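There are two complexes below, and they share chain A, which is joined by chain B in the first and by chain C in the second.
After this line comes the complex of A and B, so read on.
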């Protein structure tokens, strides 16, 4: 009985990982241009980025996912539940990652830009070869804790029918009336996934820290 | 456009009813969760092993498990253990646990920001440990933690939308029900989003202002 529950819930792990990583990749990529817009010299770009960030951070993730899956999905732009949740969580992640990048940027020494200029590096090369690698290293701890938070937010995928950990737990709990152990197992799975991510990030941070110019 | 405004006006009362339920759940969860967070923060710092271990467990499970799973655990799981809660009570229990676990870390950071010299000074003046805690550490620590706690309160209002999953008639659930009946999801969900933003945007701005005023430890 318990083994059935355990494996039943475990069936959801790949979907939970897929939702989390797809949303994170989407957000981490979109966060870069968003951060650049937020720091742009053009007032209009700055305003758009600020509005985007405020809007995506002030409305609950569940509601955003509904807006995409039910709102856009019913008629305007049909999408699967997986696409809906990745789009919703990914765009929220972009807003948060933009802020994380912005914080990390201020930790990079101004001399890095001056030195690039003194070496007559073109500006795309300064951004791409000098700043971006250091930016990723500095923002790693915050990104990792955001990713762990995102893993837990990914549970809302179950509300629109993605068969992740939560969905399976719900299904089994309702079929067997054994909610107590089933949801405890589900919680355990989330904790078990987040522990190695946090440990890995800590280890990587210590190695990469050494490679950021002070 | 008129059509949209008419639809919004028609459904606004339902959404406002939902918003009130959302605010009630959030308020109750915070009212239980903040004191719980303070207790857990003190428990985690405690030198008594049993208290320390128990507090750590409560904090780590509350922080490690998704709020949605904790909600469903309280609503669908606890009845099996003989404790049947209404969806409102289950929501308050789950979100209060979540609040306690997260705010304990915020409060702990606040308490630790009080300089050690002040604690030494208190003991030099012959103050008892309890009095040092009550009159020196906690008031200053909470002051430093205040902006982050307000930010968390806004996050909690957002988390209350998860109660959709346990059929609590809060803002998101009501919007979803109207959407299913009228099939005008986009319009109604946007209105719900505006209502959330109307509360959370000012809260975010207030956090920024508070941070500048209270964030630093003043001697």
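After this line comes the complex of A and C, so read on.
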């Protein structure tokens, strides 16, 4: 094991972080309207959301990334490998986050809506001031564990040429014929990223819980 | 601590809406069914400005359901609610404007407080003023602090609701509802979730509110409050009004068999 190997794999860390966080932000944002559609009074919206969720959750992430990058990307909607993987993973994340939000909604006391109604709060305020902040707090533990899962799924980016941790590890392993140490280093990086994410989420969860005690 | 001596309380005399003695709330023929099950059966009720009316009765008699018809949290299937100049037909969906007008005139306090847990006490009271009355943050906070002082809790302004006792939370909820300057306050069993001692501090605030001229409709199991604070008492059972009249008369000398049975049950314990 040489320093070259270590630094070579380390070069991929920024790309892994970029793919993971971009896909997560995209999914966390799109998940909100998707969850709202899933619970809509209009049957058509509910059906569209349900179809979306089923479609994006039951097809493997790798396949979706290929569909976007090689399918749409070749001619219809030219995109970089980074864009392709963020779009694929981000849209899958949206489907999963919508389901996480839906679960979290049921943990919010019905009295919160009733109080908002009785106070004549406009509906934008009920959603943004009252429900959304509580929703984010309740869904924090599940979101964090999904984010850690997404970090690992981000390795798919390496298959279409994004130079992330896995791509570099693979490249160096093939060049040096020393797969074991190289992939061990790659694993170490993944662990070093997921541990702090999990710890941060736990700390934030405990702090918020102590303050608001839902 | 709260100041319970009436002489030293600075009671801002409320501006009464219309003339005193003029009806401020009228319920006409309110009826509600879930399928074949009748929850409310032709309930009629008039509240004059400044009047305090207590609704008592056994569980499942429709007291809370009636209260929720008034601000359309759970609309009835028949009848009309008239608040000031606003008349609303319960059987048809109201317009958004009607709903807003109605709910701005009618404040509500819940059994389970329903404070917003992610906001400080001050934000809880200020946010609705900013969003509904379009007050500035500064104006809203000023009014909130006045009202928190009125319920004896200005020291709690920066705390989160979870750090307050149940009695304190309910007093904050009262301040939050008052901040929107309602003409009528509805109380849905405001002390039922509290142990007796904490319930007392909520009742004291309600008593002060009644004395200041607020029109109040209170669903309660507090027989003492019904008898001594409210002007009138209504006894409900099975979705109907059984008895209605001056508090002492109704509480001490009920006419119907069902009302006698209920009052005996609650007094002999």
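Here is the rule we go by: the second predicted complex is superposed on the first by the 208 of 214 C-alpha atoms of A that agree within 3 Å, B and C clash if a C-alpha of one lies under 4 Å from a C-alpha of the other, contacts with A are read in each partner's own complex, and residues count from 1 in each chain.
To be clear about the criterion, a residue touches a chain if its C-beta (ideal position, glycine included) is under 8 Å from a C-beta of that chain, and two chains touch if they have at least 3 such contacts.
Predicted model only: the values in this text are computed from it and were never measured.
Trainee: Output check: A:129 vs chain B and chain C. Expected answer is one of first, second, both, neither. What do you get?
Mentor: Only chain C is touched by A:129; chain B is not.
Trainee: Does chain C touch more residues of chain A than chain B does, or is it the other way round?
Mentor: Between chain B and chain C, the winner on chain A residue contacts is B.
Trainee: If we overlay the two complexes on their shared chain A, which of chain B and chain C does A:190 touch? Say first, second, both or neither.
Mentor: A:190 contacts chain B only, not chain C.
Trainee: Determine, under the contact definition given at the top, whether A:155 touches first (chain B), second (chain C), both, or neither.
Mentor: first
Trainee: Does chain B (first) or chain C (second) touch A:177, or do both, or does neither?
Mentor: First partner only.
Trainee: Determine, under the contact definition given at the top, whether A:59 touches first (chain B), second (chain C), both, or neither.
Mentor: Only chain B is touched by A:59; chain C is not.
Trainee: Thinking of the overlay built on chain A, is A:74 touched by chain B (first), by chain C (second), by both, or by neither?
Mentor: In the superposition, A:74 touches chain B alone.
Trainee: Could you please specify the touching residues of chain A with respect to chain C in the complex?
Mentor: 109, 111-112, 114-115, 117-122, 125, 129-130, 133-134, 137, 211-214
Trainee: Mind listing the chain C positions that touch chain A in their complex?
Mentor: 71, 73, 99-100, 103-104, 106-108, 110, 112-118, 127-128, 131-132, 160-162, 173, 176-177, 180
Trainee: Considering the complex alone, what residue numbers of chain B touch chain A?
Mentor: Touch residues, chain B against chain A: 60-61, 64-70, 72-73, 76-81, 154, 157-162, 164-165, 172, 175-176, 179, 183, 185-186, 189-190, 192-193, 196-197, 200-201, 204.
Trainee: In the complex formed with chain B, which residues of chain A make contact?
Mentor: Touch list, chain A to chain B: 54-55, 57-64, 66-67, 70-72, 74, 76, 151-156, 158-159, 165-166, 169-170, 173-174, 177-180, 182-184, 186-187, 190-191, 194.
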